[in-house]
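Structure incoming, see below.
Labels run A, B, C and D following the written order; every chain starts at residue 1.
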Amino acid sequence: MSDASVPAKPPAEFLADGARWRWAEIAFWLAATLPYFVAQDYLQLAGQVLITGLFAMSLDLILGYAGVVSLGHAAFFGLGAYACGVASKWGWGEPITGLLIGGAFAGIVGYGASFIVSRFKGLALIMITLGLNQLVAEAANSAHGLTGGADGLQGVHTWDLLGYFHFDLYGVTAFWYILAVVFACFLLTRRMVHSPFGLALRGIRENSTRMVAIGAANRAHIRKAFVIAAFMAGVAGALLTETTETVSLETLSFQRSADVLVMLILGGVGQLYGGVVGAAIYMVARDRFSDVNPQYWYFWIGLLLIAVVVFLPNGIVGGLKKLGGYLGRAGR
Amino acid sequence: MKGISIAMAGAAALAASAAFAQTPVKVGMIVDYTGQFADTGNQIDNGYKLYVKQHGDTVAGRKIETIRKDNGGMQPDVAKRLSQEFVVRDKGDIIAGFDLTPNALAAGDVSAEAKKFMVVMNAATSIITTKSPYMTRTSSTTPQLNGALGTWAAKNGIKKVYTLVSDYGPGLDAVAAFTENYTAAGGAIVGAAKFPVATLDFSAFIQAAKDSNPDAIYIWTPGGTQPAAIGKALAERGVDTSKVKILGQDELTGVSAIASMGDLSIGIITAAMYDFSHKSPMNEKFVKDFQDEYKRMPDIFAIGGYDGATAIYKALEKTGGKADGESLIAAAKGMTWESPRGTILIDPETRDIVQTVYIRRVTKVDGKLINVEFDKVDNVKDPVKEKMKAAK
Amino acid sequence: MIGNIIGVLYDGFAYGMLLFLLSVGMSVTLGMMNFVNLAHCAFAMIGGFVTVTLINNFGWPFLATLPAAFAAAAAVSVVFERILFRRFYRATDLDQCLLTIGVVFVSIAAAAYFFGTTQQPVRLPDWIRGVVAIGGHNFGVYRFFLIVVALAITGALIFGVEHTSFGARVRAAVDNQRMARGLGINVDRVFALTFALGSGLAGLGGALAIEVVGLDPQFAFTYLVYVLIVVSLGGMGSVGGAFAAAVLLGVSDTAGKYYMPQVSAFLIYVIVVALLMWRPLGLFGKRHA
Amino acid sequence: MTAALLAKGLDKRFGSLVVAGGISFELPVGERCALIGPNGAGKTTLINLLTGMLTPDAGEIVLNGEDISRAPPARRVRKGLARTFQINSLFPKLNPLEATTLAVCERRGETGDFLGRLAARRDAVDEAYDILKSLRLDGVCRRETRELAYGQQRLLEIALALATQPKVLLLDEPAAGVPKEDSGELFQVIDGLSRQLTLLFIEHDMDVVFRFASRILVMVGGRLLLEGTPAEIANDARVREVYLGSAGHG
C-alpha cells in the first residue's frame, strides 16, 4: 500500500485506527474467562495471576509509557493492601469500597512521592524509588500495632460481594470479582493510552527533551501518571487482601518490586498487554516448575528469562506481535 | 454460595471416606524450599521424609502420598493459595509444614473452612493454633522456650541482663516472654535493643550491649545467617562468655552456627526443645539414620518435621485411616509419644506440645562442639495460652 | 560513648571495604561499558563457594584460597561475557536486567543444588580471628586484614587505570569505541578483561565476606541491593566514588546500629534517598556525553 | 513597536571558558535573521540560553515586551518562543501526525485529558495535519518517524516547532546534513512561513544566508562581532577575516 493512496477520510480517523479493538484482544479477554470453564482447579492461581497482572500493568503505565523506571512500585501495592486490610480489621469489610480505600490511600501517598520521582531519571531514580520503598516497608514493620508487623495483619475479613456472593474456598467468586476489576482497570488504562494524555506520556518516553521544546509540562504529566499508577497498584494490593484475607510485609517488599519488574519486562514493556501476559507466563511457569521441582525451580525460571531475552528482545507480547506480522504478510 | 461450597466440601469428604481403603491419604507439605528460609523448609521436609522412610508409606491400610509445594518466603497469600489448591485441586487431606508464622496463619483459615487436619511443624507464634480447631503443632512456641529460659536465668544467679532481639514479631514475643518471667523471678533488665531484621553485621550492637556491663546478654534471632554473624561479633568485641553469659534460643547455637563460630561459641547458653546430642537410645538412632540419609545433623526444624509425621501417622492409626479433620484432631488431642527429644504430649486444650525445655551450654567434647544439656525445665506449656485461659 | 567512636569507625570502615570489593566491578561494567550486570553478586558467590570448598574439602589454607576465588570468579564471568553478555552490550537496559536476573536465578538454584541451602561453615585460622587491644579498644584482626587488602586493591586499581597501558586502553575503549578500534585496540578483549577483573574482585569480596556475613545460595540476591547503593552513590564508573560510597555506607550503617538501633534500618535508605536527591549522579559521577 | 525578541548582556561561562559574553541584540517582528559564525562560536549555546535549556549567568531575555529570563523552558515555548534542533530530536516511534498533534494538544492544554479519545480531538488533529500538509509531509504522516527519509525528518523538526504557534522561531541549522541541492528547497519552505513569524536561523551556507536573511548576526568566540544587513556583512573586512576567511566560502 503506498502512502499516496491515503483515503479522503478525516485525519483524526488515522489516529482512531490504533485505538480500535483487535480480534486478538477480544480473544485474549475471552480466554481469560477460560479457567472457570475448563480449569476450575486453577481458579486461585488464575486470580493471583490477574492481580499480579494488574500490578504489572500499573507499573507499565509509568515505565512503558512514561519511561519512569521504578524499583519501588510494591510500596503502593502494599499500601493499598494494608489500607484495605486495616479498614477490614476495623470493621469495614465491604469489598468494592475496600478497593477504593486501598487505591485512594496508595494514590495519596503516590501523589506525595510523585514530587520527588518526577525530578529524577536513570540510576538515581531507580535507587530513590527503591529507597522510598524500603522506608515504607520499614515503617510498616515498625508500626506493629497497626500492621501486625512481621506476623502479618490479623483479623481481615471480607464481606460477601454485593451482600450475596460469599468468597468461597474454591475461589469462584474471587475469580470473577478479580477478573471484573482487572478488566475495568484495563479498560481505564487502554482508554488512557489512547487519550491525549497517553500520547503525551509516549512523547516523554520517546524524547523528553523534545517534549520540553514543544512546551510540555513533563513533570506534571509524570506526576499524574505516577498517581494513577499508584492508585491502580493500590487497587491490586487491595484485591489481594480481600481475596486472601491476609496482608503481610512481603506485599511491600523490594522482592515484590523486583518480581513485578521482571514479569513486566518478560511480557513486554509499553505494549498494554505486557504486564498481564508476563505475570501469567511467569507465575504459571513458576507454579508448574515448582510442582515438579520445588527446590530448584529457580533454575528453570532463570533459563526462561534468558531465553526470552535471547530470542524475544521486546518481551513475549513484542515477539507475538512480530510473529503476527510475519503470519499476516505470509497470509496475504 | 456459602451453602454450595460447604456442601461440595462435605460431599468430597463423604466420597473420600467411602472409598478410603483404595485411595491414598494426601499430605500437602507446604514449606519454603527456596528463598531466604530455604534451609528451614528443607530440614523440615528431611525430618518428615525420614519418618516416612523408617515407617513405610502405608498406615492403617492407606498409602501416604505427599505433595510438596514451595511457599518461597514470607508470603501468606501464596501459602493460602497453595493450601486452597491442595484441598481443591489435589483433593488433599492433611495440610502440613509451615516454617513461618504469617504463612501458617493464612493456611489456618483454609484448614478451618475446609475442616482439614493441619500440622504446623515449625512456625512458633503462640496464636497460630487458635486459627483453626483442626490444627496441631509439633514444634514449640517462642514464649514457651524463652519464658522457661527467663525463669531459669533468674533462679541461677544472673542478676542483670541486656536484651538484644530481632525487630519483628517473633523477636518481640520472645523478649516479652523472657523479660516477664525473668523480672517476675527477680532479675533486672539493664538495657534493651532491637536490631533490624536484615542486619548482617552485629559488632556495633554487641559493643553497645557489652558497654552496659550486664551479667548476661540475652539474644534472640531467627535462624539463617545471623547466629554466625552474632557469634563472630561476640568474639571480635571480646565478650568473654565465662564472665558475661550469652543466653538465647536454640537457633543461636544451631548446627551451622556452631560450625562457623568454632570455639567462639563455647559457653553460649541456650534453651531448646531438641538437640542432636540429646542422650537417649531413640535419639541416637534418629541421628544416625538422619546422617546416613542427608549427610548432615538433624536440627530443631528436622525434629519438627519428624514429629509432625509421627503425629500424622499415630492419628491415622487411631482413626483407622479416616482422614477427615474432625476425626484426626480428636485422635491427636492428648496423644503422647516418645520422640527423639523426649516424651511429648499434644495438649488437648491448646493442641500445642507440652514438653521439656532443655538448658544447654556449648562445650567442647572430644574436640567437637556440642550443645551439652546441663539443666532442664519439665512439662512446659505455652505461657501465652495459659494466660489467655486465665483471663477468661 | 565517645571512646567507641574509634571502634565504630574502624568496624564501619572495614565493612565499607567489603562492600567496596563487592561493588567496584559493577561500577566499572555499568559506568564504562554501559552494561547492567545484576549477576555481579552471583560471581561474588562463586568466589565464596570456591573458598569454602577448598578449605573444607581440600584443606587449603585460607590465604591460598583467596587468589583461587578471584581466579574462579573471573574465569566463569569471562565465559559468560564471551558467550552471552557480549551480545547484549547494545540491548536496552531492561533487556540486560532480565538477562542477568535470569543468570542470578540459575546461579541460586545451582548453588542450592551443589552446596545445599545451609549456611556454609568456614573455620578460619585462629591468628586471623583474634582481637588486638590497643589503648583500651579492641580491634579485630580480620577487619584489619580486610582493610589492608581493600586499600591495596584500590591503590592498584587507581594506579592501573591511570598509569598503565592497559588502563589507557580501557579508558580509550570506553570513551570512544570506534576511535579505539581505529587505533588498533582490541576493544572486545579489553572489555572481556575489564569484565573479568571486576568479577574477580567480586569473587574475592565474596570469599572475604563469609567470615563477616556468611554465605548461602541467597547471597547472589541479598547483596545486590547494597552493591547497587554503592554504585549509585559513588557515581557509575568511578573507582574513587565507589570507595567513598562504600565507606560512607559501611560507617553510617555501623554507626546507626550502634548509636540509634531503633532507626538504623531507616538510616541507610534515608541517606540513599537524600544523597541522590542532592547529587543524582552520585558523589563522583560524571555526566556521560 | 516592541521587538519580538530582545537579548541584553547574556553571559555564560563554563569554568574559565566563556561561551557567551555580553550578547545583546534585538529582533523586530517579522525579521528573518541569520546567525553565523565559525564552529564553536557559541551559536547553539546562544539558542540554548534563549530557550532556557541553559541558564545564563547574567543578562535578560525579553519576548514581546515580557521578561522571560526566569521562565522555565516549557513556559517560554508556551509564550511563543520555539526552536528546532541541529541534530534531529524527534519521537522515533510516533508518526508525524501523532507527534504534531501532540504538540498542538500541548499548546491547547489538552494533554491533561486522560479519559477522552485522542481521535475525538478533531480540531487538533486537523490543525496538525494542515501543518504537515504545508510542509509536504502529509503523505508520510502515518509512518513511524524513524522510518522517514532524513530530509523529511528535518521538515518534521520544523513542523513540531510550528505546531506550538510560535511568535519567534529559532532554527538551529535547519538544513544540517541535507544535501546542498535540497537545502534550497528546504529554505523555500521556511521562507514561505507567515510574515508575522520572527525567525532566527543558524546557517553555514553563505549563499543561503544572503538569499533568505534580511539581517545577519555574526558570532565569534562567544561574542557578537557585529550585526547588519546582508550587504553590510558581506562588505565587512572583519567578517571576511574571522569568518569567511577561516570557514571558506562554498
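By definition in this document, a contact is a pair of C-beta atoms (placed from the backbone, for glycine too) under 8 Å apart; a residue touches a chain by one contact, two chains touch by 3 or more.
Everything numeric here is computed off the predicted structure, so don't read it as measured data.
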item: Centroid-based (C-alpha) most distant chain relative to subunit C; value: D
item: Chain nearest the overall C-alpha centroid of the shown protein atoms; value: A
item: Selected interface, B-C versus A-D, where C-beta contact pairs are more numerous; value: A-D
item: Whole-Å separation of chain centres (CA-atom averages), subunit A against subunit D; value: 41
item: Between subunit A and subunit B, centroid-to-centroid distance (C-alpha), Å; value: 37
item: CA centroid of subunit C to CA centroid of subunit D, Å; value: 48
item: Touching two or more other chains - residue numbers and ranges from subunit C; value: 108-109, 112, 117, 265
item: Where subunit A touches two or more other chains, by residue; value: 138, 141, 295, 297-298
item: Every chain pair meeting the contact rule; value: A-B, A-C, A-D, B-C
item: Subunit A residues within the subunit D interface of the complex; value: 3-4, 6, 10-16, 19, 191-192, 194-200, 202-203, 206-207, 209-218, 220-221, 224, 228
item: Subunit B-touching residues of subunit C, taken from the complex the two chains share; value: 1, 4, 7-8, 11, 15, 108-109, 112, 116-123, 129, 131, 133, 138, 140, 142-143, 211-214, 216-218, 222, 253-258, 261-262, 264-265
item: Touching residues on subunit B, where the partner in the complex is subunit C; value: 34-36, 38-39, 41-42, 167, 193-205, 207-208, 211, 224-225, 228-229, 232, 235-238, 256-257, 259-260, 262, 264, 296
item: Parts of subunit A lying in touch with subunit C, wherever the complex brings them together; value: 69, 116, 119-124, 126-128, 130-132, 134-135, 138-139, 141, 254, 258, 261-262, 265-266, 269, 295-306, 308-310, 313
item: Complex contact set, residues of subunit A against subunit B; value: 41-42, 44-45, 48, 138, 141-142, 144, 148-152, 154, 160, 164-166, 168-173, 240, 244-251, 255, 290-291, 294-295, 297-298
